[in-house]
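All chains are identified by letter, namely A, B and C, in their written order; residue positions are counted from 1 within each chain.
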Amino acid sequence: MNRKFAIAGGLAVVTALSLAACSGTTSDTETTADGPVTLTLSGWSIDTTPEFQLLADGFEEATGNKVEVVEYDPAEYNTLLTADLGAGAAPDIITQKEVKYVPTLVDGGQLLDVSDIDIPASVSGADSYSVDGVQYGTPYRQDSWVLFYNKDIFDAAGVDYPDGSWTWDDYDAAAAALTTADHYGTYEHRWQSTTQGFANAQFDGDIFSGDYSYMTDLYERRLAREDAGYQIDFATSSANSPTYQGEFGKQHAAMLPMGTWYVATLLSQQASGEADTFNWGFAPIPQVDSSTIDNPVTFGDPTGFGINAAIAPEKVDVAKQFLEYAFSDEAAAKLAAIGITPANTSDAVVDAYFAVDGVPTDDVSKFAWSTHDTRPENPTSNDTAAVQTILGTLHTEILTKAKSIDQAIADAEAAFKAL
Amino acid sequence: MSAPELTEAPPVSAPATFPEPQREKGAVRSTIVRVVGSILLVAFALALLIPFAWMVLSSFKDSNEVFSVPVRWLPDTWHWEHYVDLWTKTDMATWLRNTIVLSTVVTFLQVLTGSFAAYGFAKVRFPGRDVLFLVYLATIAVPWQSYMIPQYIMLAQAHLTNTLLAIIVLQAFGAFGVFLMKQYFESIPEELSEAARIDGLNEYSIWARIMLPLSAPALASLALLTFVNTWNDYLGPLLYLRSKENWTVQLGLKNFVANNLDADYAMLFTGLTVSVIPIAIIFLLGQRFFVEGIATSGLKG
Amino acid sequence: MTSATADAIGSPPTPLKNRRSKLTLRNTMIGWSFILPNFIGFAIITLIPVITLFYVSLTDYNIFGKGDFIGFGNFEKLVSDPLFGRSVVNTFYYAVMHVPLTIAVSLGLALLLNTKLRGVAFFRTAAFFPYITSIVAIALVWNLLFSPDYGPINEFLRFIGIANPPGWLTSQEWAMPAIVIISTWRDMGYYMILFLAGLQTVPRELYEAARMDGTNALQRFWNVTLPGIRPTMFLVTVLLTIASFKIFDLIIVLSPGGTSAPNQATVVLSQFIYQKGFIESKFGYASAAAVVLFAICLGATVIQFFINKKRSA
């Protein structure tokens, strides 16, 4: 018995070692003195996130230099990228998936100074990549939050569509009128940003001030809506983990505040049958009062690119060219054509976006998409992650009714002081 | 503390016959106990299997239907094609191959080096043995995330990242196997080794010919638990196995829950269900080894 | 009984001291020859990074290793950090509930299923299923079972007369006990296996002898089984205690609110370490917390080690 076991085991080991030797290893990037340069770029979910390959192909067409997309797991993107950076094996172009990690990368000396890249005014979100006045990255995509609504349900309930002038009072009233036994008036997802993003943006809240009393109004409204049954309460939502795509797509709710990235998802899900077929549109998010209607205040974070500080020196110029290309009119139009909201929203880009099959083309949608005062969801600072965690705890405490709004805010302010 | 020696004759007990009514009453009582016990046991087994049952049922649902309010158990439409899609539209075959390779090799190495080292700790006395063993135990106490980055950098410099070998190296030399086997070896009486030594066997032969065969339950347990842990390991492969052709089942499946933007839980559960099957089979077939042991008659004490 | 004693019988009279040190050397070489294959891998892969961890805890490194040496500054900061204090309390609360409960349940299961009756294979496999079920499924189904208004557990509690059953995973007081229950449910199959293996080392003759002595089942358990599985009990207790102090994944998916933001009722040390290290990039600080976690586990293990040594004398 021992002999057979040992032989079998030995065979297994030999097989494994040979397989291991045959399995892929990280490929070195090629560099040639003159002639096309190949850059590597960090991306995620390549099959379902076509933007990286789109930009790579477009860049090659425009300049002849190649860009290879290196795939990372989307949920642990930051951890994996960090490990690679630590090991000196990260790609040349570092996609900034979440703004809150930018200061950490800068602090760790991982990003190149790209202040010499000229960013035009039509491109929003550049500030998110500026640390201590130095530019370390450029945006290519800027999502912002809008209000999605199900036109069919509105018609059936006899409620007027949001017309771009709504305040939060209008929103609450609509949620009440739209709720029936079959569906809720609205669905707000569990993320802290669904309430705090608007509070920070519309009430001029500064999360680094240590004073969070400005969040009271929106939380009171949300709790009131949940208690009245106009939207799923947070505890049930946490227990059952409904997806926002499912809630709106299967018509369980008539309204959905969400980021503009959802447009592409909803279109593809309606095409594949995963979501119901119904008429929908999106409008600017409700405002505090009518004073900001011409330039609705909302929030959102850009997605951008940075350059690995350890990049081979001869590739730096091409890398900077790529960053410039990513927010150029040409690239922005291409991104818009696949349903992405680019950072560059000049008129040509707007037309390209609304020419996509299925995107609602009514005026309110166009207005909501192109005209907005988007404040950062995560202001760039070394303390962003710590403060957002404190606020995340506040969010949970209020909505699970573990503490009263005032108590939770007081505790958050105390925790902020202790930082 | 040792059990009583079996040198005296068992004490004389009361007369062997009992009055009839008492025996009948005892029989009825034990039947009731058995029936109630069986009911409880079945209910208990259901409680154990419900989450798994929900997972299997969800694999047949529309991905948008999986998480809903209120929760649905049965699918509205039964998407049997998920199980076909898993093999045709995804790289499940590659993932399974990698996972099988990793689990088998790691299990083999853990059992081999673990039981080998355990013998040294359990049966050989040398200075510093206990302290060294405590050091082994102590490293189990450190959460892996705390040292995974320095470890990664080290393996990266050895050019081992993105290879299956990295995972093998990470998992095969753990303290768990040493610990488990050492405890088991300690309950094997020293007299057996004594006798073997007198017969002229060296320590290595004692390990191979006496300790190992007697430790079938412990070896089986170690093998199963190591296999399962490697099979289900997610974070290690996530960090080290980047290229698609190196992915394990857990890695490949997680891709279905890509992001906030695109979550296909139904396919995820399809893959997880398929992934559990080999383990369940191995467990069913191998679990009798947990209770098979060679009686060490009369020597304990 | 040591082999030294056996050796001493009938050998020619050599000075005791020489004989002892020669024997020690021989034993040391033999001992190390067994340990070496595992130890080399262990030392390189695990020991070195762990030692690095200790060094990092004395610095204020961010995750990229940029920072300065600050001696015990991190530890001073930990003492006054309310979230850290909360994590330590919660971790102990969890461990103190989870360890005895799991030992009792898994040992009970092992005793129950340590038989050759038909169908026992099914039950043993069923006991193992929670361990191999996906954590996503676990979180969702248990959230349902524990649902305060609609869940079967509270339905049952109301049925037997408890008017105001707890809020379980949605309430601050009962979230941790709920997590302990779920965690025991998940772990019992795992430790049952270890106990099953250990039960095989207790010779049947001892039970028979005890039965003939007129003992009942409980006495047999105390006097035959428990002493007989002492090595296994030590194994399970140590592993379970360390695993309980390190608990992480269940906390993340089952915290009230289900987000990864630390919750006062359920934040544990591993979560604190993850939060500070990977989210806030305070790697030196997180490493210091990891060192504290290590010290707690080590302390518990050493205590158990000495209790075990005393019992085996």
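We take it that a contact is a pair of C-beta atoms (placed from the backbone, for glycine too) under 8 Å apart; a residue touches a chain by one contact, two chains touch by 3 or more.
Being a predicted model, the structure only gives us computed values, none of them experimental.
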Ranked by contact pairs, first place goes to B-C
With centres defined as the mean of Cα atoms, the chain at greatest distance from subunit B is chain A
Distance between the CA centroids of subunit A and subunit C (whole Å) is 39
Dist(centroid_CA(subunit B), centroid_CA(subunit C)) in Å evaluates to 15
Shared-interface residues of subunit B (touching two or more other chains) are 67, 70-71, 112, 148-149
Among subunit C residues, those touching two or more other chains are 63, 140, 144, 278
By the touch definition above, subunit A meets two or more other chains at residues 79, 82, 86, 240-241
Note: in the complex, subunit B contacts subunit A through residues 62-65, 67-71, 101-102, 104-105, 108-109, 112, 148-149, 152-153, 156-157, 159, 161-165, 168, 208-209, 212-213, 238-239, 242-246, 251, 254-255, 257-259, 261-263
Per the touch rule, the subunit A residues reaching subunit C in their complex are 78-79, 82, 85-86, 101, 104-105, 107-110, 190-192, 234-235, 238-241, 385-386, 389, 392-393, 395-397, 399-400, 402, 415, 418
The subunit C residues in contact with subunit B across the complex are 1-3, 6, 24, 27-28, 30-35, 37-42, 44-50, 52-53, 56, 63, 112, 114, 116, 121-134, 136-138, 140-142, 144-145, 150, 185, 189-190, 193-194, 196-206, 209, 212-214, 224, 227-229, 231-232, 234-235, 238-239, 242, 245-246, 248, 270, 273-274, 277-278, 283, 286-287, 290, 293-294, 296-298, 301-302, 305, 311-312
Listed in rising order, the residues of subunit A that touch subunit B in the complex are 1-2, 9, 12-13, 15-17, 19-21, 23-26, 44-45, 48-49, 70-76, 79-80, 82-83, 86-89, 232, 236-237, 240-243, 245-246, 249-250, 252, 261-262, 265, 269, 274-275
Seen from subunit B, its contact residues with subunit C in the complex are 1, 3-4, 6, 10-11, 13, 41, 45, 47-52, 54-55, 58, 67, 70-71, 112-114, 116-117, 119-121, 124-127, 129-130, 132, 134-143, 145-151, 154, 169-170, 172-180, 183-184, 186-188, 190, 194, 197, 203, 207, 217-218, 220-221, 224-225, 228, 232, 265, 268-269, 272, 276, 279-280, 283-284, 287-288, 290-293, 295-298, 300
